[in-house]
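Both complexes shown next keep chain A, but they swap its partner, so chain B is in the first and chain C is in the second.
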Partner chain A sequence: MSSKKSGSKLSLQTRRKLQPYFYIAPVMILLLLMFGYPLIKSIIMSFQDYKLSRLDKVSWNNFKNYAAMFSDKNFGLLLKNSLLYVISAVLAQFLLGLGLALTLNGKFKGRGIYQSIVFLPWAFSAFVVGLLFRWSFNGEYGVVNDVLKKLGLIDTGISWLGTPGLSLLVVIFAMIWIGIPFFGINILAALQSVPSDIYEAADMDGCGTIRKFFTLTLPYIKPTIIMTILLRTIWIFNSFDLVVIITEGGPANYSQTLPSYMYTQAFASYDFGLAGAFGVLLMVILTLYALIFLRITKYDKAGDF
Partner chain B sequence: MKRKVLSLLLVAAMTATMLTGCGGKDSASDSGSAGDSGNAGTEAPAEGGDLTLTFLDVAPSDTRTTYYESMFQKFYEETGIQVEYQSVPWDDAADKLTVLGAANNLPDVMTTWNGWLGQFTQSGWVIPLDDYIGDTTSDYTDAVVNILFKSEQTRYGHIYTIPDGLMVKGIYVRKDWCEEAGIKLDPTKPWTYDDYFELIEKLTDPEKGRYGASYRGARGALDPLWVYLQGYTGGATFNQEGQILMNNEECLEAFVKWTDIYKNGGAPQDAINWGFTEMVDNFAGGLTGTLINDSEVAATLINSMEDSQWMVMPMPTSEKDGIIYNTINAPYAYSISGNSQNPDASWKLIEFLTSAENQAEYCQLTGEIPIKNEASGLDYYGEDGYYGVFLQQMNDPTLAVPTSFGTFDFTDLHQGLFHEEIQSYLLGDESAADALGNICTALQERMDEYMAENPDAGIETALTMN
Partner chain C sequence: MNRKTKRRVTGVIRFIVLAFYFLLVVLPIYWMIVTSFKTNAEIINAQLITYWPHTFTLDNYKGLFSTIHYGTYLKNSLIVTLSTSVVVTILSIYGGYGLARFSFKGKGAAMVFFLITQMIPSILVIIPLYVVFAKMKLIDTYASLFIFYTVTNLPFCAITMRSFFERIPYALEEAAAIDGCSRAQTLWKVVLPVMFSGIVAVFVFAFIGAWNELIAGTIFLNSQKMWTIPIGLKSLVGKYNVDWGSMMAGGCLALLPTAIMFIFVQKYIVEGMTAGAVKG
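After this line comes the complex of A and B, so read on.
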């Protein structure tokens, strides 16, 4: 009856069922346009000879781009660098962020000011941070070499950006520095939501600080830790800005990671086909990582007490 | 029902607005709408009606932007054609132009580096200017006609660019360091590469924080090295059969000698990552004693160093044939894009910018050499002027301009493989023979492909002023 009144042919029940889809439709349409299309397009391009400078000669080449990617002489180095970059940066960010959050969770004089300062790196753009590290680690004028010399730790300046291994280390340092606040903020927010009465009960039972941390605090903040690690891993794995700004992947690709190499292929050689193949590989790696990570950390059960 | 239809229409309109707003074409427009920062002024147009041209500068700086804005104002007053000034930083310029070209969205007039022309002409992103130039070639200096125009005609069959000015390379040297070390250099006399290497060695003193050379290790590392190698091949990269000339013992020995500048400590270790900026900064900042670069650097050094601190030496002569192989190019030459709807008006703008008077003003600001006979006689470019050595080389009968890496598109190799192979050798990851061999192989493959596609294409040879 009501449907007739409103002039609609759909029943009230059907309309109610459809209602949520209408609400999310604008976002879904935007996502499809902004993410879905580029995603599908890049998958298609990964099977094509697609050079931006020769768009008149775009053609299907089956798995040629994938073959070129896996046979690239730098592929092993890229994979190794990417893993080293992600694992060391996420691990260090997590441990330092956790320490920061635990410190800031206590009360001390000047906490507000200290909190504002330590969270500052997160507000800087990667470009600024990149330049900061690039100059700080300059082999001739950099402040790092200067400090090390004054401390008597080195006699001659280290060529941080010109030495294989060290150049990637500088990028990792920069990434750790920029990402600590993200962990700090999230873990601090989780810590502040832990009810204080459980600590009082633990105190009455004579529970020590370390045991309280592992048996009470950590389980409570576990969902936050899992989600933060998952997100940061994906972001760091995908990020190439610091590599490009600090070292440009050099010397001789020694600080190149998979995404930065993909960027180089796309915008130095304009080979969007090969870059697309790298993009698909990144997507597959990250999807597998997310599934495995959520499974082994039992995220769906985290926080259940 | 009406409301539903109306809502749908509004949604469609909004979506369309968003999409078109994102990708709006900002090329030549006849709308007459005001442009952005560089838009010409508000005085009444002389004859051009509502026409607005777009102009893209690939090397913006305060000086250049101010110059172009004032020129476009003058141009508007004379012709009534407005010019919208756009710019992109040099480091991103190749990417930006490639993306714009692929999207058929190039501006009417753009400044272009000659290294991009292989890609641009193949893709139809620039149009030939031969008909526009017509019989006015006598207005241009010999270097423009016999080197630049001739080189484009040989490589691409047509003239595609009008130089903004001329750049010649020279070796900037710390005069004060030489005096301290008792080294006497005479820029009016020829010297060899071996003399140059010896100078680097003498000026190097790590204890004092001094290195002999601003060595280029990053992108562009092969450019000066290739010119040195061309001293052994008569200035060519390929022979007339299209076979590369650098894969021999003589060139390998020269390759090793050149890279020894870095390997033997004539440059700081960080120099493996140095590009243009680091090279110039470290010369001006007192870390390095010599710097191979274009005349444009003189404009920077005039402002940042004392006259008593630096001097310019001509490029060394080849040990093999005694010829000075030196590039003469127009760093940011003017071209009309294939997307321009107003090529005639675009040519009018280029003619205006390269008129003797306007061009002389430009060259004094940017450190380039004028392209018109009328302007090149100015005192500023005289023997005792800052640019004396550069002009001296251009008038030297023993100067020859070597060929490029090839007539094909080598942008991607220049952005990656070339310097990566050299870096791998410098780091000890591969032998000099492998590094040079890989570079030669990549170029040979590119040449074979190009010749298969263009069987009638000519092979470049070194050019002389005669």
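After this line comes the complex of A and C, so read on.
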């Protein structure tokens, strides 16, 4: 063992203590630098008059960016859209992903190929998926209207992307579609980790399928579900690519969310101070969410966040 | 209900559910592929929407290689994505192993920091980095995207790798230690070989993340010869306004590499995530 290397200056005990840091140091240093610096920089920017066009005239403006953000006439709409978007997308992805995982957990012919196909959207880029949905929901040439007409559900084509309320719905559909596999794969892996002998006792006691699911399976896969929902909520809340690609926030900001608005503002006016304020708001909302979510799921005490 | 009918009912329900998910995934993909083989006249005929190309054409694909430099974008995407995924995988192995196998001061803080990195909106990382990269003359280089993609994919990959390590029985390493292996030797010679599926999974996560990224690419790269596939495709949106045939063809070509890779490796991903899959 390593104690044989007596030539080393550090004692064995010190080396033991330091060992974990050698493993995690590369990752931590890189992340602290590359996330820490931008994080601090953007918090500072959010209190400054920081425009890319006038970088020589950067100055403190106290809470002017925050005042501008909260008094923006779209603010209420943005907040409402963001919440609607994240809650419906996460909920639908979770339920559909859970359903998919439960179905895949059994044995059936062609399962391997089937699984490769239904998990495919994970590999797809939001950009291409966004374009595909924008094309499919096109009011004039879109296949969705055509199918609905053929099924006799509508008489005239719906202007999906031009109608307030519906345009955000298309973005939500696209987000659900692309995100089901992430839940599906994670929950499937958790299901396959459930030891089969716990079911045997339940079978002997004559437990029904539904009761077995709620009393045995669900507690076992709960940590996976909690972590997946937490991560997905954070990612979806901050994501803006689908909005930008499918609707550009239209019509008239009716499908705009906080991050997509922030992106549009940042690169329309190069006002990075204002973008910083929006960013800080997003992070505050997400931090509060994470704290509350981990508390009510009692996951904070597990020490594993 | 007797047992036989019960089994038959379950079978029918399962078939319906399986068909639902299959169609949900396949129909949009089908529509993209079919559109990519249609002529423009057929695509924008609002009177008759065709579910199979009347006139089958490869023009949309040919156009991609002649008008936009698809080959160049493919090369750029491969360089940036492969370098990112290799480095992310190696860093994740070390970081994940450290987090899984040791308890040390600051571990809880490290985990919280990983979670915080996920909360930072990407734009807030991109803007300050742009200013730094500009000073370091890194704008319009592969390095800018390589650095950004490595950093943004690392937290999730390292945490995932950590949970893969945690699923491997510690007894395996103890045995190696008794045989006189050092910790680093144990990691490379004993642990990693049984971690194959987990390593493949993490590599693929990083690959997909880098391959599909658009926003940072449009900001860090200016000249067309440096563009990656998503940026090249995005240029079609502005250039032809709505040339749906080309876009769907471009979409198919952009998704093909990751789709093929994913079809082959998705079982490793599930396997790697499954506790007890590795028999120690």
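Definition applied: the second predicted complex is superposed on the first by the 276 of 305 C-alpha atoms of A that agree within 3 Å, B and C clash if a C-alpha of one lies under 4 Å from a C-alpha of the other, contacts with A are read in each partner's own complex, and residues count from 1 in each chain.
Keep this in mind: contacts are C-beta pairs under 8 Å (C-beta built on N, C-alpha and C of every residue); 3 or more make two chains touch, one makes a residue touch a chain.
A quick note: this is a predicted structure, and the numbers were derived from the prediction, not measured.
By the touch criterion stated above, A:T264 is placed in contact with chain B alone, chain C being left untouched. Contact with chain C, but none with chain B, is seen for A:A126 once the two complexes are overlaid on the shared chain.
Of the two partner chains placed by the overlay, neither chain B nor chain C lies in contact with A:I87. Contacts of A:A201 after superposition on the shared chain: neither chain B nor chain C is touched.
Of the two partner chains placed around the shared chain by superposition, chain C is the only one that A:L31 touches, whereas chain B remains out of contact. Within the superposed three-chain model, A:E140 lies in touch with chain B and with chain C [touch as defined at top].
When the shared chain is aligned, chain C comes close enough to touch A:K41, but chain B does not. Within the superposed three-chain model, A:L153 lies out of touch with both chain B and chain C [touch as defined at top].
Once chain A of one complex is fitted onto chain A of the other, the partner contacts of A:L291 are absent, as it touches neither chain B nor chain C. Set against each other, chain B and chain C touch different numbers of residues in chain A, with C touching more.
Counting contacts as defined above, chain A residues 140 meet chain B in one complex and chain C in the other. In the complex of the two chains, the chain B residues touching chain A come out as 1, 15, 95, 98-99, 101-102, 119, 122-123, 206, 209, 217-219, 268-273, 282, 287, 409, 411-412, 415-416, 420, 423-424, 426-427, 429.
For chain C in complex with chain A, the touching residues are 14, 17-18, 21-22, 24-26, 28-29, 31-32, 35, 43-46, 49, 91-92, 94-95, 97-99, 101-104, 107-108, 110-129, 132, 147, 150-151, 154-156, 158, 177, 180, 182-183, 208, 211-215, 230, 233-234, 237, 244, 247-248, 251, 254-255, 258-259, 261-264, 266-267, 269-270, 272-277. Those residues of chain A that touch chain B in the shared complex are 7, 29, 52-56, 138-140, 156, 159, 161-164, 247-248, 250-254, 264, 267-271. Interface residues of chain A, counted against chain C in their complex, comprise 1-2, 17, 19-24, 26-28, 30-32, 34-35, 37-39, 41-42, 45, 96, 99-100, 103, 106, 108, 112, 114-129, 131-133, 135-136, 140-141, 143, 146, 177, 180, 185-186, 188-190, 192-193, 195, 231, 234-235, 238, 241, 259, 262-263, 266, 272, 275-276, 278-279, 282-283, 286-287, 290, 303-305.
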